[in-house]
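In what follows, a single structure is set out as structure tokens and then discussed.
Order of writing sets the labels: A, B, C and D. Residues in every chain begin at 1.
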Amino acid sequence: MLNIAVQQEDFDTLALYRQLTQDNIQDGAIVTFVGRVREFNQGHDIKAMALEHYPGMTEAVLRELAETAVERFAVNHISIVHRVGELRLADQIVFVGVSSPHRKDAFAACQWIMDTLKSSAPFWKKEITAQGTRWVTAD
Amino acid sequence: MLNIAVQQEDFDTLALYRQLTQDNIQDGAIVTFVGRVREFNQGHDIKAMALEHYPGMTEAVLRELAETAVERFAVNHISIVHRVGELRLADQIVFVGVSSPHRKDAFAACQWIMDTLKSSAPFWKKEITAQGTRWVTAD
Amino acid sequence: MLTVLFFGQLADILKCRSLSMPSQRITTVHDLLSILQDRDPKWADAFADDKLMMAVNQTLVEAKHPVRAGDEVAFFPPVTGG
Amino acid sequence: MLTVLFFGQLADILKCRSLSMPSQRITTVHDLLSILQDRDPKWADAFADDKLMMAVNQTLVEAKHPVRAGDEVAFFPPVTGG
């Protein structure tokens, strides 16, 4: 099962976790990552954040990430959900969950998806601070 | 926040996730691991599993794991829950969740805790198969 | 014709999110970049950034990648999602 | 006196989960191991396993670790939790 979604609305972590595990008796290891808007990004006091994306390409890149992860690691189910639009402090931004028969593959696949998403999925963050808005620059 | 529990009853993944993130605006990265009873362990058809432990030492080892992880990695909150007693196919066995300002620390800490738990926390699994019971041997 | 898209800070700098242009004389993304840079000094600066990312038909590519009539070509700063 | 505990398959093999014994003549876990091995051939075999893990007062130790009156000493096979 590959679940890919790009959406404005918040996601339900428990529902996504259940989707990975229900009717799944082959996978003993489930690793999830959730990224959230945190207090200090690059030294600025964040009030809110706006996430722009490239509609169409975003979904295609996330789907290809999931398909490649299934080839590279012993993982059976993958769920990737990324939000766009305006987000506030502590809001959830991204969910990546994987299930595998093996702990090491579950960790490796989840981390590889996040690392690759960060460098190749077409999202851009703009921070809204007391001083105005500014685009976040890549590391 | 360090949350450590050894218990017979099932755990609520969403409640544990919320405990890691509520009132927590410093940590943008949350990684969780859930281990479950899976269909085939060491080639046997599992009906159920019994988990024995060393009461007292178990809790002490898990607490020390969490304390060491806080020193070794940039993580702020850690939750470790491990079940004991009889478990059935697809039941949850263990939850490890960590929150960090940094994605890499969150992944590294969660994986380190699981690896070290596997080699040092005093739990022993007995498999109940159609052929009888057998102790699981370490890798 | 080509559809050309800009995202993130690049769109803000150019004050442009998309444009259509004839595909004659353009065989690679690099050719398209040269034409965009010739529009005015601000565009020249914006496209001189060697960290700029580019995609043809929604797949990341290098500047040497071929471009054909009907393609959707996008330019954007390094991505910052996740 | 010492409290001595056994877990997992080791407890099944020994048919014993715990025992109390005098701490005289015992200064290390290794001394205790020798006494346990001398009980009977089955015990000798069980404690000859070099993968056996041991703990004093609920902390993992090596066989050379000191043992004192009142200590809780535990022996068990490699752990298989998680």
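Note that a contact is a pair of C-beta atoms (placed from the backbone, for glycine too) under 8 Å apart; a residue touches a chain by one contact, two chains touch by 3 or more.
Predicted model, so just to flag it, every value in this text is computed and none were measured.
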Common touching chains of subunit C and subunit B: A
Computed distance of Cα centres, subunit D from subunit A, in Å: 48
Inter-chain centre distance, subunit C versus subunit D - centres from mean C-alpha coordinates, in Å: 71
Whole-Å gap between the CA centroids of subunit A and subunit C: 26
Approximate Å spacing (C-alpha centroids) for the pair subunit A, subunit B: 23
Subunit B residues counted as touching two or more neighbouring chains: 35, 103, 114, 118
Two or more partner chains touched - positions in subunit C: 82
Pairwise touch network: line, ring, star, complete, or other: line
Set of all touching chain pairs, with the criterion as stated earlier: A-B, A-C, B-D
For the subunit B and subunit D complex, residues of the former touching the latter: 35, 51-54, 56-57, 60-61, 82, 93-94, 114, 117-125, 135-138
In the complex, subunit B residues that touch subunit A: 13-14, 17, 21, 24-41, 89-90, 101, 103, 106-107, 110-111, 114, 118
In the complex with subunit B, residue positions of subunit D that touch it: 5, 7-9, 12, 51, 53, 55, 58-60, 74, 76-82
